[in-house]
Amino acid sequence: MPLKALAFNSTLKPSTASEASSTGKLLELIAEEFKNHDVEFEAIRLADHDIKPGVTSDEGEGDAWPHIRQKVLQANILLIGTPIWLGQPSSVCKRALERMDAFLEEMDDGRMVSYGKVAAVAVVGNEDGAHHVSAEVYQALNDVGFTIPANAVAYWVGEAMGSTNFVDLKQTPEPVRTMISMLARNTAHLATLLKNSQYPSEQR
Amino acid sequence: MPLKALAFNSTLKPSTASEASSTGKLLELIAEEFKNHDVEFEAIRLADHDIKPGVTSDEGEGDAWPHIRQKVLQANILLIGTPIWLGQPSSVCKRALERMDAFLEEMDDGRMVSYGKVAAVAVVGNEDGAHHVSAEVYQALNDVGFTIPANAVAYWVGEAMGSTNFVDLKQTPEPVRTMISMLARNTAHLATLLKNSQYPSEQR
Amino acid sequence: MPLKALAFNSTLKPSTASEASSTGKLLELIAEEFKNHDVEFEAIRLADHDIKPGVTSDEGEGDAWPHIRQKVLQANILLIGTPIWLGQPSSVCKRALERMDAFLEEMDDGRMVSYGKVAAVAVVGNEDGAHHVSAEVYQALNDVGFTIPANAVAYWVGEAMGSTNFVDLKQTPEPVRTMISMLARNTAHLATLLKNSQYPSEQR
Amino acid sequence: MPLKALAFNSTLKPSTASEASSTGKLLELIAEEFKNHDVEFEAIRLADHDIKPGVTSDEGEGDAWPHIRQKVLQANILLIGTPIWLGQPSSVCKRALERMDAFLEEMDDGRMVSYGKVAAVAVVGNEDGAHHVSAEVYQALNDVGFTIPANAVAYWVGEAMGSTNFVDLKQTPEPVRTMISMLARNTAHLATLLKNSQYPSEQR
């Protein structure tokens, strides 16, 4: 059975927006690379869904999270894609991370339901902020049970105070291609290892 | 004319929730202290309002932000109150910060519309994260033109991995009272100075 | 009496290093701009001095901090200049911030000795990290009593994964010039206000 | 051959200091737990060594880093222990992270020399800051090639504005014991997997 990767596109804009999503573009490039590692890929554009604020797994009527959460549980790899605003991850990204706080209480044989899943990060912005965004996401996801492979981020930002969008670049810069290649390779490798050999439960 | 303080309560729960808001409790204590400095106080519970994701000042039909933004512009002091989740500010807090990204383009006589306004932060959590939350909020608000007085944060968190809520404490701990007193005193002082002597415009 | 600005150059390299300091270059540009606001300027290259690790104001024999600390106390403005390494402020910068932890206990008429002093930040890196660096520095300095004026950071970084040094740019990019101008103008304005009207002490 | 864990104690105080190190105490508890997983343990108190500032692997005469770097390369697990100052990792911790920036250029068969090594974090403070410290360390170490197992941090901090030291607690709080147990178990498991099955090189 192939590995499954689930990606969150945390752009602030729903699919109906006229502008193309730079985050979406980076996720597409990563999806393409995942194919070389036999990883199935699905992306969810979070702004298309009504994810209620909260820290439980179901915030009641109309909450889109329980359905998305099911997809997280079925995936081996969770890829958080987010734009940078004010040097930080988007509020849409934060909303999804927050909902996974519930994993802290959700145990399966003494392990969080997220154990054995591998996380990676894709970040784009007009300028500055990618390292900090990855720091925020790594820590949040590690706290709720995800494992982070070596060099788990692919990002692009322009020069200081720049205004170019990644989606408008004529070609993907070489360093970004390298990061994508490393991200896919390392993520698939580690997800395979953990799929075949889950973390031991407490009782060992 | 007295100073006006506007507070954002960025709890994830709307007012209709059954649990009391710890963030709300801390904001009330600060409101009380602001009275000693003749500062008028208004709190908005953000989760009660449909603030659309985006980085413009009006994201169209149903967007609650334009009305809230007007209140920001009328205030001398903006107090960001937020709970801590996963060691970070709430997604509700992030949403509001993100909307103020628009100030970067909104100039009045060569200054952002936020110039001369003073910002402070109120943070509560079961445990750990307050310093980082204040760092995130300071940087975001400073980028969009706010000024930050000395010791601009009041916070409470419990011991590592604790689960006590601030709102359930029998009395306000002395260090929290001290922080509240400093926050109100310094914020009011600096807001008065800037009200009487706005930052010069570029053309000076 | 003119305002005094003290700048820390937190490059990892001492003055004897062969390479020019990009942080030093940015500080020079800011120094130039401060002249337009009658601000006296002095820069200290921290790596030239043996600042001991610690959180007291004097860590004993051979500690260079007490002398530097005196200069901080005499300044109206503290400008933290730092390179970015791994998306974060330099260890040399962190060392100096850490030493100011001692201000938390050093009171003058009920206020920290840093009260009334204004802080700003200058950041350069080959790439990504400036927003986070400013967040770290704002929070650390605000905790120990400094006030942060609107738009208190000037920075330059190249495109993602870039390797250009600021000191090697043929000319200063326009957005950097704008940031420098705002930083100097706002910092001088706020430092003047606070010099003429110190924060009230607790007893007022 | 058993796994080897190398721990950095990033306290600001050298071994000759009169006070016991809280960071050291937490590292001892983790070392004890590692024994249950057949992990050999060595701790280095960084403040005892003259680690020069820099981002190369050898900063010349008197630099203690090359020797410490050899130990890193021989270890399967790197455990970063640090106190919290101003809500952030210590400057001593930052110095060591900075030195590993050199790994970005040091490739072995197309992989950084750190590939296959697993990192974890131990944090203590009088109060608040552990989540942010772990975020900083995760991001820095992941950037330079380390892998981060699920729940890779063990920490203790007291209530807001507290002044108790971890080393002075009469007994280790239950949540800290749980974190230590998870950290050791997960770290040993993942290090074993990667020891037996290194990340593929680019050429695969």
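We just call them A, B, C and D in the order they show up, numbering each chain from 1.
Keep in mind that, in the parts below, a contact is a pair of C-beta atoms (placed from the backbone, for glycine too) under 8 Å apart; a residue touches a chain by one contact, two chains touch by 3 or more.
Note that this is a predicted model, so its numbers are computed, not measured.
*Asks:* Which chains sit in contact with both members of the pair chain A and chain B?
*Replies:* Under the touch definition, chain A and chain B have C, D as mutual neighbours.
*Asks:* Which is it for copies chain A and chain C: same residues on both faces, with over half shared, or different residues?
*Replies:* The interface is built from the same residue numbers on each side, given that over half of them are used by both copies.
*Asks:* With respect to inter-chain C-beta contacts, which pair, B-D or B-C, contains the greater number?
*Replies:* Higher C-beta contact count between the two pairs: B-C.
*Asks:* Would you identify the chain whose Cα-based centre sits farthest away from the centre of chain B?
*Replies:* D
*Asks:* Give, as an integer number of Å, the spacing between the C-alpha centres of chain C and chain B.
*Replies:* Chain B and chain C have C-alpha centres separated by 25 Å.
*Asks:* Return the distance between the CA-based centres of chain B and chain D, expressed in whole Å.
*Replies:* Their C-alpha centroids are separated by 35 Å.
*Asks:* Return the residues of chain A touching two or more other chains; collapse runs of consecutive numbers into ranges.
*Replies:* Counting only residues that touch two or more other chains, chain A contributes 86-88, 131-132, 135-136, 139, 143.
*Asks:* Give the list of chain C residues in touch with chain B in this complex.
*Replies:* On the chain C side, the touching residues are 112, 114-116, 131-132, 134-136, 138-139, 142-143, 145-153, 181-182, 185-186, 189-190, 193-194, 197, 199-200, 202, 204.
*Asks:* Within the complex, which stretch of chain C touches chain A?
*Replies:* Contacts found on chain C: 86-88, 127-132, 135, 155-162, 173, 175-176, 179.
*Asks:* Name, in rising order, each residue of chain D that touches chain C in their complex.
*Replies:* So the residues of chain D in touch with chain C come to 12-13, 47, 53-55, 85-92, 94-95, 97-98, 101, 136, 139-140, 143-144.
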